[in-house]
Amino acid sequence: MQTATSPKKYLQEYNQIRDWTLQLCEPLQIEDYVVQPIIDVSPPKWHLGHTTWFFEQFILKKYMEGYREFHPDFNFVFNSYYESVGKRVLRADRGNLTRPSVEEVINYRKYVDEAMNLFLSEDNSTHDHIPELLKLGFNHEQQHQELLMTDLKYILGHNPLFPVYSERIERDGNNGSSKLNFLEIDEGIYHIGYEGEDFHFDNERGIHKVFTHRFQIADRLITNKEYLEFISSGGYKNFVYWLQEGFEFVKVNKIQAPLYWHMIEGEWYNFTLHGLKKPDPDEPVTHISFFEADAFAKWYGMRLPTEYEWEVAAGIYTPTIPPGANFDDKKIFTPRPISNNYQFFGDTWEWTNSAYLAYPFYSKADGAVGEYNGKFMINQMVLRGGSCVTPANHIRHSYRNFFHPDKRWQFTGIRLAQHI
Amino acid sequence: MQTATSPKKYLQEYNQIRDWTLQLCEPLQIEDYVVQPIIDVSPPKWHLGHTTWFFEQFILKKYMEGYREFHPDFNFVFNSYYESVGKRVLRADRGNLTRPSVEEVINYRKYVDEAMNLFLSEDNSTHDHIPELLKLGFNHEQQHQELLMTDLKYILGHNPLFPVYSERIERDGNNGSSKLNFLEIDEGIYHIGYEGEDFHFDNERGIHKVFTHRFQIADRLITNKEYLEFISSGGYKNFVYWLQEGFEFVKVNKIQAPLYWHMIEGEWYNFTLHGLKKPDPDEPVTHISFFEADAFAKWYGMRLPTEYEWEVAAGIYTPTIPPGANFDDKKIFTPRPISNNYQFFGDTWEWTNSAYLAYPFYSKADGAVGEYNGKFMINQMVLRGGSCVTPANHIRHSYRNFFHPDKRWQFTGIRLAQHI
Amino acid sequence: MQTATSPKKYLQEYNQIRDWTLQLCEPLQIEDYVVQPIIDVSPPKWHLGHTTWFFEQFILKKYMEGYREFHPDFNFVFNSYYESVGKRVLRADRGNLTRPSVEEVINYRKYVDEAMNLFLSEDNSTHDHIPELLKLGFNHEQQHQELLMTDLKYILGHNPLFPVYSERIERDGNNGSSKLNFLEIDEGIYHIGYEGEDFHFDNERGIHKVFTHRFQIADRLITNKEYLEFISSGGYKNFVYWLQEGFEFVKVNKIQAPLYWHMIEGEWYNFTLHGLKKPDPDEPVTHISFFEADAFAKWYGMRLPTEYEWEVAAGIYTPTIPPGANFDDKKIFTPRPISNNYQFFGDTWEWTNSAYLAYPFYSKADGAVGEYNGKFMINQMVLRGGSCVTPANHIRHSYRNFFHPDKRWQFTGIRLAQHI
Amino acid sequence: MQTATSPKKYLQEYNQIRDWTLQLCEPLQIEDYVVQPIIDVSPPKWHLGHTTWFFEQFILKKYMEGYREFHPDFNFVFNSYYESVGKRVLRADRGNLTRPSVEEVINYRKYVDEAMNLFLSEDNSTHDHIPELLKLGFNHEQQHQELLMTDLKYILGHNPLFPVYSERIERDGNNGSSKLNFLEIDEGIYHIGYEGEDFHFDNERGIHKVFTHRFQIADRLITNKEYLEFISSGGYKNFVYWLQEGFEFVKVNKIQAPLYWHMIEGEWYNFTLHGLKKPDPDEPVTHISFFEADAFAKWYGMRLPTEYEWEVAAGIYTPTIPPGANFDDKKIFTPRPISNNYQFFGDTWEWTNSAYLAYPFYSKADGAVGEYNGKFMINQMVLRGGSCVTPANHIRHSYRNFFHPDKRWQFTGIRLAQHI
């Protein structure tokens, strides 16, 4: 199904992606690699090992002749949730494992990388599944690059010393200052789902038709300044804007602002990867739950878009990503140009009002790979777009991200819509 | 918006519905009215009071001149979840309230019924909202009639003495024995939502268009016999059929069969309202969670229908319910004819694979009534159809019932579908 | 070991005690018999059944020829915690059982009472254990009479309607108004434990010697007035008076006053069995945890007595209870004379600073009876004395009551002591 | 109250103790310093910081002129439970703090050590409290040395890779092989509590008299072999040996053997600081809860001694520890001679059947130091003796260690006693 790629290009991409994971960890101290302050946040060390295990488990052990596994217990330690490949450390216990040490995990990476280099430099065309597994492995590692960033932000951001990850800023955020305009989309039948021959996940597969009534959708995300108005007008205290589970959630957890916001001597501060700052009024608000996004939209008198509306609008208003943009490490943590043409991606993941469910022609793959997406299709909401820590080639119209409605540690934001 | 109904007819309907609630309680002993074995199950006494409170709170106190409230604390005791009408007993504490006694609650009903009779026998055409509120109150009480039945089944069914509610059987169930046939529906744009001038809830309002690909849908529900094959083939133990949260759910709660099934000396027994019996192989399986319905469908090689597919199919294959069927108390707990023309309703609520979310043109009503449906639109799945304890006039194509995917105490079942 | 008692006297005592249990229930409505608002509080219906089961299980089924058990499932329903007599309803589920109904339980009582009357009217001298088991059954039932009273106070006192149990007052409480005097006890070796030939529990058995340093002990309990000073001086907020687990307990549970105290429009009210009243300043404070008793004592600059100090002081300052006082139903809920000679008993149970542990020569009985006391000897504190709802013949110097330090639903109070 | 000690000797002791803490950490990798797998187990890094904070907070900041605190946030980070010195990190969050890094904590130690060296080399005789505070700080640090060892054993022992701490063995254990003999102690009044002028805690202060009946007490601890008999005879399954809370504890937590024992392919293995080994039959069993110790004793037909019996027996049968034994780092993790003269100390802490409560003349110190012991006097049991990881000068007759009855991560064992 995929276009043919030369072995050399795979090798190059493999090394580029694997290396980028390590570059992301450069500002960390050894201690930062180990902990798991909440169950959602995995230790950075675990991400390093788990992404490595993926290549060892699904490619090397199956397809490389004479490959000797690095350590017999690492399947137990670094399997995430694949029931089909054996027992594993309880998710809640990831942060209790001081061993293998970071150094051992780095050695594990090196060992697997060397084997993969050997394997990829040879002709492996006899194995039909290799290209697919490689692509999956690349995308898997890139997803974990993003999780790594959100997880280490959580680790640093919940430390009373508020350590800085990097002095470079997360984004420029100059798009927020403009007036909120709305793009109008006519009613009609639209094609939804991934179309093309590049990598994509099974959950976005299967072009299918969806009917949408006429609607309008904002041309930018909601800013900190706009969100502050919601806060200061008592939005968190007034049940009329809230889903009942959402109101319970903010009451029980005493939530009064986005995650990482701290009221210090009467003023709001916002922990970012470059330290504790006052919230930039023009930046998109981020680190909010679906519940908060939904309540904000209701307070504003609008609603969140469905994932179909989002995909349709993004398809119309965004030019195709140029082919050369496949992997651009500078995108991450350097200012990226925000133009009218690119307004749907790259600031935050955008909560939609669509539950994460199967597309009409969805069928999950056999074996462990089939556990990648399908078994999570309950109680989660779809997010579209991509954030400042999303690898560039994960940003596409059809990409379906998903989280439970109470999750706040991802870079998540708000785009408004309404029927007209 | 509603067709004009004569005051006399309202009065008659009021008394009919109110009386039916009491008739449902007839087999109970005083003790059965009091307890709340799980948070979902409200004490029957509470249902009696809460439905009464609804008429007192929203009609008598607002519109009847000179009405004197029965007891100043009953708003606190019998408000369910309406934030806009003041504080209320914590839901989990409903089963701790021995007072007001059943007798006092019955007196409360009589007092309110007398006031309502007085009120309805006069000309109240000056109040525009009365017809709407009445209809809502009737439907509200009928919903609670159904909950009353499911709740008292839970109370009796979790007692080690397994008390019989009634010797009359729940249903005839003779439809299950037939071969499973499939109805085919062409792709196209279909109209979804309530159309007409009778009562309906805000969540089904707003006719809108939905595109559906070609699919087929079963002409009957899955039977106990078919479900037993799923059990005996190890379906509960094999993760490949399960959503991850579902597999966790059955493991943690040691679930191996539908609720009310008991393995006694090597044989399955099923607690029903008429006692503990062996499961009838031809009856529809019921009291299963969404997780189990979904796992069964996957094990079978199919899927659950979406709520749109269900509504389209039901609209095509079911003749309009005759007008005279508005209220038929005999429907409940007496065998009802199951014919090809009526196959979509009346056995169990049918889990769909649609999350409970707002329709495109949904807007919630002002005030307390607006808290009826909208604030629950998260983390729940839609059920369609209606069960053996659903009042007949609640059975309509557009009716959207909703529960969390782990709930099992309602009469819930499985209908299969697939794309073709 | 016991003095010989004529069969007739046993019969008379049996009927007197059994009847008193029912008299205590007279003010209840059926609904009040059913619920279990917290795990500690058993439904009154359960107490009625459990005390009956005790006689059926340990006497009738074992020793009465031809006795036919009332219902095969009642062992399951009414066994409390005896592992040696089979499975039982989970303690937390007692309040979910609407059946057997109150009427059936009363019939169960009648059935067992008739059998017991038959059994006791015959010569059963061949069974050596009968006198012991009878005495145990009587005392067991009386303990449950007390629990019945504390449990139904909890049930009524946690109802928003605050129903009155009885207009008769709980106690006269005129002893509190006096100045707090202290009795002095010289250092020495004292004999501790039950001495005599009447009924007593295994945990108080085995006279043994204990050395006590010179100390003084208050001649009356702490009053509501004195406790209010502790509250108003911020005693609940200042950690220095508190055990660490106690401070955590009051913070987490937002405790700021004794159980049943309610701050209503700026004034304290106290729910009693005769309704909601302002706390009588001269009555002993009651319904406090050990944590609160201990914190009060530290705030006062003293401490709680040990159980040995209490027993020694009570033995010196209290005249022997006259033999005729064995059973006096009027003691309960009628004013009882409080004199200098009787100052150690009958107002509240008094928290001591002794953990509930085995006496030196303790050995538990064989079989189910051995599960009565010994297995609870951990994490509980001893209380001495007896309260206004304690049957009179349970009031003796050597009686060891015990509860976890956070329990407040018993009638518990404070007596101060210190070394001198 | 203390004997005069020359400043130079304080300095020497300070440096010796502080250095030993670091030596204990030598085998650790950076990652091992960070985690907190259960709430009881603090991260080694936290122990290093907290013991340093103790000297900074209670000596340097109060008594050293011109001292500048190392970091303003470290009081928040390293305060353990002292309410009187401000807010602190929640205990459960200690394992989420990756910063300050180990290196920074080491720098903190160096900074404080330098200041302390300066401070102690000067004449500080003007401050009366210094000698007391120093002694407290030394003993505090030594207590944390022990906790450090038990905590890191837990961290390593719960890692699936079972990392070895040190190849040196924990103890020789050759005492277990002997027959179990009993020492007899006559009844009488004995003096209990600390007597002398060396350091001791407030909870052991105040010589007082206790009467003890004649009893016998074992001359050695129960061995693995003896404990295995308890296991293999079904001791964990038979409720008759257990306190009710203990039986619940082992059932809920599926406990069937001491902590660190693993059943691997039908054989028991025991994780020790030198790796996973088969349990040495002659070594004392260790890492058991009070519940297990108590159940074993009942199964054996005996009981645990009270803390008074233990102290009396140890005082009679153990020669005074020679003065030169004050601090002997070789004691830890090197074989120590076990002789008849030394039989009460140094293998495991020994559970007694005494609750941890105040001695008759106990009064807690003012200020933060008063929070050291007194506020824990509830729901804990006393342990006597000392273990293989207890600093030698903490081993004394009067030392009262205390833990909740379910704790197993300390080195805890069983000594039997009975009345005769």
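Should a chain be cited, it is by its letter among A, B, C and D, assigned in written order, with residues numbered from 1 in that chain.
Rule of thumb we're sticking to: contacts are C-beta pairs under 8 Å (C-beta built on N, C-alpha and C of every residue); 3 or more make two chains touch, one makes a residue touch a chain.
Small disclaimer: the values here were computed from a predicted structure and weren't measured.
Visitor: Since subunit C and subunit D are copies that touch, is their contact same (over half of the numbers shared) or different (under half)?
Guide: Looking at both copies, the contact residues mostly coincide.
Visitor: Measure off the straight-line distance from the CA centroid of subunit B to the CA centroid of subunit C, and report it in whole Å.
Guide: One centre to the other, that is 47 Å.
Visitor: In whole angstrom, how far does the Cα centroid of subunit A sit from the Cα centroid of subunit C?
Guide: Each chain reduced to its C-alpha mean, subunit A and subunit C end up 60 Å apart.
Visitor: So how far apart, in whole Å, are subunit C and subunit D when each is placed at the average of its C-alpha atoms?
Guide: The computed centroid separation for subunit C versus subunit D comes out at 38 Å.
Visitor: Pull out every residue in subunit D that's touching 2 or more other chains.
Guide: In subunit D, nothing touches at least two other chains.
Visitor: Going by the touch rule stated at the top, which chains touch which?
Guide: Inter-chain contacts occur between A-B, A-D, B-C, C-D.
Visitor: Okay, in this complex, where on subunit B does subunit A touch?
Guide: It comes out as residues 81, 83-84, 187, 189, 208-211, 213, 239-240, 242-247, 290-291, 294, 303, 353-355, 357-358, 360-361, 370, 375-379, 405, 419.
Visitor: Which positions of subunit B touch subunit C when the two form their complex?
Guide: 29-35, 37, 45, 73, 76-77, 89, 93, 95-102, 155-156, 158-161, 163
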